[in-house]
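Heads up, there are several structures right after this.
Below are two complexes that have chain A in common, paired first with chain B and then with chain C.
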Partner chain A sequence: MGASLPPKEANLFKLIVKSYETKQYKKGLKAAEAILKKFPDHGETLSMKGLTLNCMDRKSEAYELVRLGLKNDVKSHVCWHVYGLLYRSDREYREAIKCYRNALRIDPDNIEILRDLSLLQAQMRDLTGFVETRQQLLTLKPNHRMNWIGFAVANHLCSKYFVAKAVEILEAYEGTLEDDYPPDNERCEHGEMLLYKVLLMHIIHVREKHGLFKELCLLQGIKSVVLISLLEECGFLERALEELHKKEPKIVDKLVSKEQEVSLLVKLGRLEEGANHYKALLAMNPDNYRSILCLLRIPLDFLQGDKFCAAAANYIKPLLTKGVPSLFSDLSPLYDQPGKADILEQLILELEHSISGDGRYPDRTEKEPPSTLLWILFFLAQHYDRRGQYDIALSKIDEAIQHTPTVIDLYSVKSRILKHAGDLVAAASLADEARCMDLADRYINSESVKRMLQADQVALAEKIAVLFTKDGDQHNNLHDMQCMWYELASGESYFRQGDLGRALKKFLAVEKHYADITEDQFDFHSYCLRKMTLRAYVDMLRFQDRLHSHAYFHKAAAGAIRCYLKLYDSPLNSPAEVEDNTSKATQKKKMKKQRKAERAKKEAEEKNEGSSASGTSKSGKRHIKPVDPDPYGEKLLKTDDPLSEATKYLKLLQKNSSDSLETHLLSFEVNMRKQKILLAFQAVKQLLRLDADNPDSHCCLIKFFHKVSSMPAPVSDAEKLVWSVLEAERPSISQLHEKTLSEANKIFLGNHEDSLMHRAAVAEMLYTLDPTKKLEAVKIIEDSSNKIVPTNGALGSVMEWKLKDCIAVHKLLDNVLIDTDAALRWKVRCAEYFPYSIYFEGSRSSAVNNSLNNLDTETPLNGGANGPDIIQSGNAFTSNGKLEAFKNLKI
Partner chain B sequence: MGAGREVAISLDGVRDKNVMQLKKLNTALFPVRYNDKYYADALASGEFTKLVYAIYWEFYCWSLSLCFSVFSCDHWAPIELDGLHLLTETVEISKPVTFWREVILSFPSVLSMFVMSLSRWLHHMISITMLHIDAYYNDICVGSIACRLEKKEGGAIRVYIMTLGVLAPYRGLGIGTRLLNHVLDLCSKQNIPEIYLHVQTNNEDAINFYKKFGFEITETIKNYYTNIDPPDCFVLTKFTTPSQAKK
Partner chain C sequence: MEAGDGGVDRVVDSKDLQQQSKAFDKLTDRVEDRQLDSSRAQSAMASIAASAEAEKNAMRLREKELAAVKINAAEVDIIANELELDKKVAERTLREHKGDAVAAIRSLLH
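Let's look at the complex of A and B:
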């Protein structure tokens, strides 16, 4: 370092490095300038100056200087290292790795650079490289604990076949320790290491069982004969157990050690010992007292018929007495098993009958508390909601509310029932009523916000959500808290309202959170090795590897792709906008106005803040947040190539959610638009693989080959190649084997004659294939019949069709088949099936029933909130025409 | 194994965060709508306005480990009741059920549940270190009393009971008595000599209820109510401290 400089400057150079490490950037900068006065071309000094400037927020200068320094002194590892650090600070890890590698070419044994490189390799999952670097570090400094551990972990991560090697390394490390190790202050770390080792042995056992391990052990040339002979005696497990016993005094986390021991014992077939240990565990960990309840709950999953009924009664009765609001969600998995819902219904109805008669459970002498009836009604309401009998569900929940109007859960459930029944506006107002009953409860606040977003009341939702954010004044705080459910729900709402810019903004925000989470792991690569929290570290890495398959990411990516598709189909400022019907246009105008008002308000606020902030800014503590230059996503909308933007997210979906139909549906849509025939075909094949009977899969298949057949004959070589691939592939698709598309369509109809959504798909394809057959297509849909699902019929009947599907069919009639009359007929028909649906303007929905809250009855009922105007007033009560003082109590 | 079931009630103040509970109760209980002033007065009266919660809990005792069967215990806290801090001393596990019953019953305002934590197994001694209380879980708000503090000429204060009510299914359990006694106790503690209220003339149940506590009819007001029949009401008054020497 600074070797080419005379002593005085060399000392100054050391000062720069030291100042950088201690973050005294100004000092470092001065020293650098002092050197540069005499040696203006000194490469390493230039580089260090750049690095220092980088930390002082002068990015562009920094890059210039570092590059200049490197140019002046290409042979210096310092310059390369600095260049790498610069890239690393900008999260350009790939570039950084390249720089480190160059630095190491010049100075292969530089520990610092090796360590930095290993962190990057772990972050980028360059695991082979990670092992190499770690090995080198260990060879250079074998007296350092972290190097042993790092090498072992690297082996473990790199390949499942190196796990045994990891164990060997750990054992070799233990061999270097004195007998009295560990000292008191290292006990935790050492214990963690031992537990990690046992975990590894466990992993090996599982693999060995699969027969793979032994073979590969030999392949990898693991030399230890002892190891193999141990394996042959089913050794690893025994060894793991032995290890655990031997080292027990040294392991600090006793609970985990016991748990591991039990699971090893059970695997070894030493069940009796295992059972004893389980008992001890239970005594050790009384927080598991829930397990007592589990003992009663678990059999309900397996028992059938009368035995089930008796066990269920046994389980449910005390919980109803106690009033456990979560009882229904506890039992709801049982509803997926045939017959159990009917038994539960019978059972609870019997209880209801008995309690409302003489206040006792059947065959009991003890009187139940009055609240038991309430909880029975509460359960029944959720039961009927689950079965789609919304009428009965609502009457039960209303009865419960009348019984005890002060229980907040009742309003939440009523809100949920109304949502399912299709009245999102009433659902939102009820959720808000629940919220008003306990303004200090964040959960019901969030629930109310979610319902408002579902009802597309975004502005109001934002206002309510902000009540619980720290800064109170801006919802950016929700972004900082990575509040993803909120961003997703509001993105979806904007999407429904056609505000693509803001929708994209929200969806991409969620995507950004996931990128941040990936980024956040960086610090742990060094921290966990140092602190020895190895099991947690490995877990964390595995979690990060699957991060993007998380449902929220899937939703956000799918949402963003849909936005881009819509943007592509009807670009901004195109004639399409003129075609938009007037209602949409006025809506847009309204939105623009609203934005303008918001912007003005914000500016005013900022001004206010500015004047008030001037006082605080003197103290210099105030953290200034960068203002979002594109709060409404208008810039996002101006992208030239929405499809290639969409492809970015599509790739992530294909990589991480390849088993989801939606992924491939989106891939189909994107690639068809991009004219990427083979990629679209790949999507079709994936759809058929996942679910060939799915209506959407069918549509994609037909659409694809229809499109292909309408394309002009191939001219270029590439086109011919595509053609020949399709020719070769088509016969392998059984649905189309020696059939025309319309024949395939007909057969699909024959196979799924009773299903509404399949019929709709067939109708759509019939029309796509031959637009003259529109009437026939409409007839296929209208001839569908909504059957009654067989139940024991205790109360009312359940219809087969789902609201969501019927809405989709209506949109198909209206927008695709463009038959307004048929759409209207469909709407009238569905309004019968779904009287609470706002979409179909059902007779009992708040779309029709807005006057319900106008108090024709003089006493407003608790929980009778209905209609949007209630929300505006913030509460459900008016007294003699006067609004009660509520607004000022809200916050 | 032993088990038992107990009913307990607890009082909670009315704040702006939960005033909606009071509104819900009034909507269900009274034919009259109350205006802003009612709620402002109620909030201002402090301890004189209370919501009452009913709790039903069960407890079980196993031979080896003892556990009050309850749900949701996310935080541990030493008992804090009526301002008293009480950290139970280490108690041996083998206490009989009746012991626990007493522990619980000796705190009438115990709120919902008890869970014991066995000491860490490291010590190999099972003992109870803490009791857990969760005030707002499955307890239900079933009634309320709302008062207004009025200043008479000369500076003396009197209490006006605006509303007192218990939801129909929960009547007959002594909850109304608890509520009224709470206010009467407060009055005698604070030397407030006069408590009064209005009752519709045909509401005999209520009149008899108040008479039990020493209230007397002191006045009849014609056409007091506007929307209900009969429109007349009695004024019931109770003078608590006969010695008004303090004036």
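Let's look at the complex of A and C:
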């Protein structure tokens, strides 16, 4: 480190390093320049200066200097180390690791470099490397506590086989402490370390259960409540209960201890006792709302038949009287259990009848307040919506609205019913109406934004959404706040409208959030070891490992892949290219205008920066927002290789959502286009593993082997190898055993004659295998019958076909089988089944009812304050006479 | 709700924010660590060192076995290309399956 410098300069160099570490960059810079005046080519100083500049946001200069410094002094581990640090600050982790390794080659026992390397290895989950580096650190400096802990944690993370090793290491560490006890100021951290050790032991069951429990008891100074939770976690439920009873007099918070007791009893399956304790809780605290609900709600999951009916009645009645809007959501999981939906329907209809008759519940004498009827109707509307009987649902909710027009929840639910029924435009306008009833409610604002995006009214949605964002950069705020639901919904809307560029931008924005979250864990690798919050640290790492399996990421990745697939299938260059070439002159003009606009924008921004820099809410560091160079995603669309871009996201999906059918469907589509036969085959195998009866799996299977059979005989070595693998694998696919593809197709039809989607799949495959059989394929679809679902519902009947499926079949007829007459017939037929659907132009949808109905983006919008005005010009639908009166009531 | 309180909050926020960000900027990674007793540390080291050696030996043996397998370099390329894998992974799998390319691929497809 600056060995070749004379003493004065050597001190200055040390100063640079110290200043860097304590973030006193100006000081460091001065010192560096002082050295460079005398020794302008000193490699290490140049590097350090570069590093300091990097922290002062002068990135390009930083890189130049560091590279120059390295060039001047290639054998200096300092220069390599600094280069690594530079890369790390730009998240180029692989490059950073390379630099560190180079530095270590020159100075293999350098603690600083080893430590930095270990952090990167932890971040990149290079676990074997991590263990090695940590071991090296420990060997070099065994008297540093952190090195012991770090080595133990590394072993734990590396694999479950090394957990025993980790325990050994922790015990060896404990042996180093004086009298086996840490100094007072480390008591808390020591406790944490012990709890971590117990967790490890639980993982490997090294000691028999009894011994482990003894170990736990020896943890002195651990709060009882913590100990009890730990026992619970490790599965020692009985012991936890014992401990709880022992320590009860000492635990001050009686309520908490009672609740913990109940939870333990329930886990142990001692439900009666649990129920009794809840009653005790109630006595202690009659306003404990939560307790009442838990006490009565849990049995509903287990009871059946008449008992269920009685218990449900007891549960529901007080909640209807009280007027709990979330009652339906609360009971919603019961609808998945067979028969319970019917029982509930009978029950509620009975209550409705009774209340609308004489204002009382069937077996009570007190009169119910008028609101009870309202909430009954509200519940029924949601009930019928759930069962797909939209007519009845709408009539119930309209009744409710007539009863009490001022309740916002009613409009929200009506909007939801319309959405399910297929009238997205009416749903959006109704949601907006609800929003206008309470402009300060952010939830309703979000809901109406969501509905607008579903109805493809993107510009309007944006305007409404920014009503709640912070001042300043309104639109970017949604991105900064990682408002992913909004970005996903916008992306999907743009995709539906065919605007691939903007759709891609949105999907990739969501993907970036996940990359940022992954990045955020970096600082914790050193912090958690120091603070000994080891259990939380390990949990955090596990969370990060699973991060990309989150539903939002899945949606974003799937959306991006679909955009790229579309881009590949219909590249922009073909028809648009002609336009491009002829209007080159106008293009140039456009570019000039754009550049001018950007320059003006930048100048305006800088002016704003100047005026606002004088003490408003701007923090110390000046955050210059980079101007987005590609706001409409045009650059993204110009990518040369959309499939390789798609593959990036596909790999993440395959790694993290491997149990999702969609992942493998997308994999199939991408790999078939890339001509990667084996990878496509792998996708088919996964689909068959997950759900061989699914119509999409069947389609991929047939399509794959159809393609393979139409390929020419293998010539090259690669082709021959692929061929032999497929030959070896084919016998394992039972669907194709000793059958031709068309035979397999017929058998699939036979197995699933009654299902619309299966028939559609068979039809598509029939056409794929033999295009002359188009008419036969169409017939298979048209012969499908929409049966009535057998239920014991009291009112009306439920048809089997779902709107989403019928739309898919229509697209199939129109775009794949290309039979416009059949498509039209299908549309007319479905309009009967789905009268509210806009897609099928059903008789009661707003597509038919309002030729004026256009809440499209061009409609003048005055920021939403004049809500009812807009609605009036649009839907005559929503007016049920009361709207006028309601307008006068509005606050 | 939001409109009313907004004004007051903003004034408080900015001062708070400034203080917060100043404090945040001062955060560094520098930490002074306590030293453990050296002699105890050394003996603890020795106890865990022994098991490490045994593991290393086992691994070395396995690596030798794998290196002895005869494989076809062209097949490594084909596997890496068709399955979009790193060459090292392709080579290792091939070695693990004693040079049988079909078997190696089938195992990778699972």
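Rule of thumb we're sticking to: the second predicted complex is superposed on the first by the 592 of 891 C-alpha atoms of A that agree within 3 Å, B and C clash if a C-alpha of one lies under 4 Å from a C-alpha of the other, contacts with A are read in each partner's own complex, and residues count from 1 in each chain.
Note that a residue touches a chain if its C-beta (ideal position, glycine included) is under 8 Å from a C-beta of that chain, and two chains touch if they have at least 3 such contacts.
Only a predicted model underlies this, so the values are computations on that prediction, with no experimental measurement involved.
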item: Partner chain(s) touched by A:440 [first = chain B, second = chain C, both, neither]; value: both
item: Touched partner set for A:325, first chain B, second chain C, both or neither; value: first
item: Chain B versus chain C as contact partner of A:295, first or second or both or neither; value: neither
item: Partner chain(s) touched by A:647 [first = chain B, second = chain C, both, neither]; value: second
item: First, second, both or neither for A:722, with chain B first and chain C second; value: second
item: First (chain B), second (chain C), both or neither touched by A:526; value: second
item: Which superposed partner A:713 touches (first chain B, second chain C, both, neither); value: neither
item: Contact residues of chain A, present in both the chain B and the chain C interface; value: 440
item: Touch list for chain A against partner chain B, complex; value: 254-255, 280, 282-287, 289, 292-293, 318, 321-326, 366, 369-371, 373-374, 402-407, 436-440, 858-862, 875, 877, 879-880, 882, 884-885, 889
item: Touching residues on chain C, where the partner in the complex is chain A; value: 1-3, 10, 13-14, 17-18, 20-22, 25-26, 28-31, 33-38, 40-45, 47-48, 51-52, 74-75, 78, 81-84, 101-102, 105-106, 109-110
item: In the complex, chain B residues that touch chain A; value: 5, 7, 16-21, 23-25, 27-28, 31, 33-36, 39-40, 54, 56-58, 64-65, 67, 69-71, 115-118, 120-122, 126, 138, 140-142, 167, 169-170, 227
item: Complex contact set, residues of chain A against chain C; value: 21-23, 135, 138-139, 142-146, 148, 165, 168-169, 172-173, 175-178, 183, 186, 440, 442, 468, 526, 530, 615-617, 619-621, 647, 676-679, 681-682, 685, 717-718, 721-722, 724-725, 728-729
